[in-house]
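Think of it as A, B, C and D in the order they're written, each chain with its own count starting at 1.
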Amino acid sequence: MAAVQNQTPILPKLNPTDFQIPTLGECTFPTPPTRSEIISENERILYQSRFSDPSKLNPSLAFEVAGLRDHMFFDPHDINVGIVTCGGLCPGLNDVIRAITYSSLGYGVKKVYGFKFGYRGLSRQGRSYILLDTKNVNTIHYIGGSFLGSSRGPVPPEEMIETLKLLKISVLFTIGGDGTQRGAKFLQDKITEMGEKISVIGIPKTIDNDILYVDKTFGFDTAVEKAREAIICAHVEAKSAPHGLSIVKLMGRDSGFISAKATLASGDVNICLIPEEPFTLEALFKAVESRLLRQNHCVIVVAEGAGAELMAKIQPPVKDASGNLKGGDIGVFLKEQIQAHFKKLDMECTTRYIDPSYTIRACQPNASDAAFCEELGNKAVNSALSGKTGCIVGFWNQQFTLVPFSLITRGRKMVQLDEHMWCTVKAMTTDVTGRQ
Amino acid sequence: MAAVQNQTPILPKLNPTDFQIPTLGECTFPTPPTRSEIISENERILYQSRFSDPSKLNPSLAFEVAGLRDHMFFDPHDINVGIVTCGGLCPGLNDVIRAITYSSLGYGVKKVYGFKFGYRGLSRQGRSYILLDTKNVNTIHYIGGSFLGSSRGPVPPEEMIETLKLLKISVLFTIGGDGTQRGAKFLQDKITEMGEKISVIGIPKTIDNDILYVDKTFGFDTAVEKAREAIICAHVEAKSAPHGLSIVKLMGRDSGFISAKATLASGDVNICLIPEEPFTLEALFKAVESRLLRQNHCVIVVAEGAGAELMAKIQPPVKDASGNLKGGDIGVFLKEQIQAHFKKLDMECTTRYIDPSYTIRACQPNASDAAFCEELGNKAVNSALSGKTGCIVGFWNQQFTLVPFSLITRGRKMVQLDEHMWCTVKAMTTDVTGRQ
Amino acid sequence: MAAVQNQTPILPKLNPTDFQIPTLGECTFPTPPTRSEIISENERILYQSRFSDPSKLNPSLAFEVAGLRDHMFFDPHDINVGIVTCGGLCPGLNDVIRAITYSSLGYGVKKVYGFKFGYRGLSRQGRSYILLDTKNVNTIHYIGGSFLGSSRGPVPPEEMIETLKLLKISVLFTIGGDGTQRGAKFLQDKITEMGEKISVIGIPKTIDNDILYVDKTFGFDTAVEKAREAIICAHVEAKSAPHGLSIVKLMGRDSGFISAKATLASGDVNICLIPEEPFTLEALFKAVESRLLRQNHCVIVVAEGAGAELMAKIQPPVKDASGNLKGGDIGVFLKEQIQAHFKKLDMECTTRYIDPSYTIRACQPNASDAAFCEELGNKAVNSALSGKTGCIVGFWNQQFTLVPFSLITRGRKMVQLDEHMWCTVKAMTTDVTGRQ
Amino acid sequence: MAAVQNQTPILPKLNPTDFQIPTLGECTFPTPPTRSEIISENERILYQSRFSDPSKLNPSLAFEVAGLRDHMFFDPHDINVGIVTCGGLCPGLNDVIRAITYSSLGYGVKKVYGFKFGYRGLSRQGRSYILLDTKNVNTIHYIGGSFLGSSRGPVPPEEMIETLKLLKISVLFTIGGDGTQRGAKFLQDKITEMGEKISVIGIPKTIDNDILYVDKTFGFDTAVEKAREAIICAHVEAKSAPHGLSIVKLMGRDSGFISAKATLASGDVNICLIPEEPFTLEALFKAVESRLLRQNHCVIVVAEGAGAELMAKIQPPVKDASGNLKGGDIGVFLKEQIQAHFKKLDMECTTRYIDPSYTIRACQPNASDAAFCEELGNKAVNSALSGKTGCIVGFWNQQFTLVPFSLITRGRKMVQLDEHMWCTVKAMTTDVTGRQ
């Protein structure tokens, strides 16, 4: 068998300076008595802790630790902070908003501004916010979505700075995906350029769990839970029909984490297709055929970004009304291709197509995600008070880290085809790569 | 305001004889000692118990009571029984299969045959079955779907009778919707014609709860539960977006029970569209517009059969590859119409379309449905042993009843626009009928 | 086998006048245009619709229908209303509060007062309330419990009337069990005596579903759902241990509805003990023994009020610190008795005791209960506006009814041992009554 | 404020040899073509990757990586394997059993023996097993508990070896807690002593997540999920009563992981008590009092092992019938102490005590745990085939590791009071340590 090709795009080589966190200046305000862990400035979490050759362990590639320092840059009683949520929904948004609000107010912060509908709430024209307090955020974690509303799209940094200065905001927490954090980077660059003392701290949000240099992002666990529910239904449908075939399309435009993990969690998936591993229709047809004949039913999980090239060849993207190129839907495409194939074979195949879509992302976080959000919010506030800026709060080897915007926006994390997770998926499912 | 037009098609006037249950003959075998209720043959459940004029109460229109009699037609130790599940999935199928199996074996029945994939398992060519016992059905109620498999499509009564006689089956339990029970009626007619002593007892299955003369069918409650989950997500999506509009399409080709009850259960639906009440696009656009401007978000629930005439006018059905007329999807249609409308208005409207489809019907029954299935299976066996045939086990005014196939197959139950359920829905939602 | 003794205490014979609903006076205010069902005053729902002898059908024993009349007693724009929740928690309280608030404000009612912590919020000393509006009740249905708080204990009617008059409240909605409605009756009697024009409308709340003359109360369905979850765990524990025995204690001091229905829903219970049917320890020991030897595991469900006399004999109630007689806990009692028995036998028996207690009553209502609460609140407001008083909103034969306080407070509904539900339970479980 | 005392007992200093995994001998059978990751023997996962001083990073303290090697010790087609589950239930047991079975059979293993009810199934007298295949384990992951049954108690290694040899079993997978793995160590020691070529591989099972040198064990995540549900109910009860106080007792005899993480996940806990941090009754009373006066309600979470010394002083353990010392129940103890305190104060306090017990451990695993179990089972089989023995499959820094029995049985993992998780808990809750 040929060696597996790792599909991850080559990322630029890492340098020690890539891990350096910008700061607003010296911390001179003594941290008030606390039971919290006080992090010393030279503590680090090693980036790469798996090794064959010990001499290759590189301690200069390491993350800073998120959390309180023995001195603060800001006196919390003197400042206001702001929160904004951008992009698509993700389970746990309200938990993060609540945690930041409670934590900030716990330190004595004067006002917590919650901007409405993403960056547009910080724009000149769309300026809009809610003053958050322990009363109005008290029960928001029982409900999915974002209490602040969310939307996509950038706003010129100058406008956002204008708003921040107008409201005397010293810290802005940006909850969003890599696009959002790219926007946060522009904002922080401009702030630095203008010499303002405003911290910008990101909390990475991606239901796909594809942020670089971060083990885990909030909402992913919950998404897998919901995805498993859809797969269980798909399996039931397939088993209850003569030659039943169910196709479940899951999130994952660039990475197959949800699909792979939901496949592991379900135990009932026969074929798992992700963007990182190409497949051929011939191998797929053959796998389904053989499975139906042998076991009478078949379950396929497909990430929305899987097979993009394959589909583009057979069904080239078309221009929509606005002139944008619009590709097909891989789930619908596979359903039609497979149905046509079995019609040609004159073989029965009862096909069901399930696209759980929004019901995966609009729900409440599960307990694991909720606990994680609580800590994320807490670490974000701690780090901001310590004068950190230009970075997100990450999680690496069970520790909360700080990772520069410039590092996480270099690309997207992908499923490693030769690592344990995907290997276990392969052991449980049928290979349709068409390789010998 | 104009009086509400009740949309229910006029059903033939009922006669006392319409309620009469066919029997296989005299019951001569004494019912063994039991703690079960012994029903006397002249007990009845009144059909219509709401009245204005007491003199109009008509005791001759009344249902027989399902359950054990003091004598049985069959000696259970002498017979085999069969079970078949037909049509689409519905939560609770396995619970009914399990209850019939346990109950039959409890009476000492020799063999319980479970036919595979609907009536086709009883056909000459597709003949296929599993012998059911307390071991192989023991845990099937933890899983959705049908343990026996299901499929659509009729089989000639002669072939089915051939199978029944071959396997010496004295009772066939047909679990399915009105189509299935129509098939069961043909089968029972043929059996009568041939003078066979085989009972055919139906257990009505319709996730839409639209079987005539039956208050409640299994699976409906669970479907509403799942539909509510989808609506909660829709509501969260709508509230989290600027001018967020969510459209949820639910089951209900001919009746709006799931949509209406899920609307009541959710408390967050603004517009509810069902097949029984026509609406206009103009009124719908206006309602959405006004709601978005006032409350910033809007949730629409639409039953799949709603607005069929309206859609047909604007988007006439087209012939598919097989030459069948194929209409559009009301959910997608509404989404496109509304998006086009707001584009024309140049008003922002972030639209989400949610179609929970199979995830509503492939799940396990909730506790209420599970308990109901247990009783249904039990009453079905009791009634069959008493020599009843040609009827389904119904539920009316909290009692299990017997209803002739000929009665329930006369049409479909519809939401009564002037009764309490729909009235409460109307009180909670915006009217888009376009009537003044 | 001896005939089953029905344990329900003999209730006083019903008279037609028992069904009569008090009213505040003539309805002179024309009901505004509505799409709601307009109920005519002489519409009725027959009390008893099951019959053997048609001549015994008695149309004079029938319930009034809840809902709007063509004229109202109150002009909604002129009045304030109040809501109070009393007694233990029950899933759906917040849904009823929300439905009454939305419905009242929908009719133009001026103010909706929500009294805090039961009747004490209406007392002179404990007077305390929240003004309810569509904003503060908007999301309360996502959370269990009572938004208003609840507590037990009566308050003198005079004090409550003082509060009602002070706040110019014309309708008080009392959400609570039979104790609460007895209090509501005293209040309404006093109001009548004083000639005040204040309506008192009850919404019956009993998680045990034991209100007389009402088919179903809100929260019961949800309680059965949660009870089933506990039973599933109990079953898993029992099956996973050598000679595993699990005992689940469920609510039901006077009636076994939750236990019986959860037994039906679970399909895995071997012995079900309810207050209505006595049992003997000898029969119980024997049943457990034989089950463990045959099947290796056993699941017992016991309602908290079951076996009270039996336990009192062996373990007489003792006086607690306050001098009150305090009986034992039947669940713990059975666990200890059975363990002692098997120790004596020197037979292995791994016993688990599960008491899900508050986790059954503090949760959100399921969809079926939530939809029911929505309608209950709506009918309560409709009925109050029509000048009805001194009654609760019931549910009978799929219709919302009005039932006088005086009727429902005559006793408690009990499981009928010879009706279909208990008969099915008996068919599924082992008899331990010790009768031959 | 005084520095926090870390309560973790001092563990023996680690040596590089402590990490060494025993093997059965040289691997000579070439691994068949696979898409799985092939681990080279010198790959390691660093034990300690957080550092202040880079020169202190110690690559000789590192875990071996679990997984396939390029050669195998066993030819899978030649061997039988066995599985045993011991101790209390934990969500995911069936998932691990299923994963090991599927994975073993996938490699061509001849027979998979599942021993009944823990080690006793391997004893001379209690010898009992099921032959596992893809059919009988196919749906066991839909149900909690252990399909094989479980029990506590050791069996002499000689008897177990007799059974293994009798059935020609080459690998035994021991799924259980530290007691079980201690037993597995004795067994493996004896096997080595006797020169047998039998591998013993442990899969660590502890719902409390307190296995040393393992980041995460299966079932913990699910337990936290269920614990959160109980806390939500407790919070609802407390908020709905006048001066409502709810106490939730959770698992955790020696460690507070479930309590701490469930507190984070809930966001509604006011006081969290764990074994690792002592507290005083005075501080507790004061905290509850002040909270009730300020916020009217209070939620306490207490791990079963918290406050053991405190309780022992006030309520010394008593000898039970068998002469064993039996301590009290901290939950009940706190409830009584607090009630007495408030009675003395004559201050109202409506106390609810919730002990979710078995309902936390007998349920199905959530998706995250299920996926983890799938990988655990897979890695266990891979590692056994490579001739590894005397170790468990661990998880460290997102990688599956092998950890010697001798290392994990040195003590128990405890909550680190100065690390991020407990710090965040402290930030959210009230301190009752009584320290100034």
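The rule we apply is simple: contacts are C-beta pairs under 8 Å (C-beta built on N, C-alpha and C of every residue); 3 or more make two chains touch, one makes a residue touch a chain.
Molecules present, by chain and UniProt name: A, B, C, D = Pyrophosphate:fructose 6-phosphate phosphotransferase.
On a predicted model such as this, the values are computed, not experimentally measured, just so you know.
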Task = Mind listing the chains that sit against subunit A and also against subunit B?
result = C, D
Key: Most distant chain from subunit C by Cα centroid   = A
Ask   = From the C-alpha centre of subunit B to that of subunit C, how far is it in Å?
value = 29
Task = Provide the C-alpha centroid distance between subunit A and subunit C, rounded to the nearest whole angstrom.
result = 46
CA centroid of subunit C to CA centroid of subunit D, Å = 41
Request  = Note the residues in subunit A that touch 2 or more other chains, in rising order.
outcome  = 143
Key: List of subunit D residues in touch with subunit B within their complex   = 139, 142-143
Touching residues on subunit B, where the partner in the complex is subunit C = 1, 4, 33-37, 40, 42-46, 49-54, 57, 59-60, 62, 65, 67, 95, 98-99, 102-103, 106, 141, 215, 221, 224-225, 227-228, 261-262, 264-267, 366-368, 370-371, 374-375, 378-379, 397-400, 418-421, 423-424, 426-428, 431
Request  = Using the touch rule from the top, collect the residues of subunit A that touch subunit B in their complex.
outcome  = 89, 117, 120, 143-146, 149-151, 229-230, 232-234, 236-237, 239-242, 246, 350, 352, 354-359, 362-363
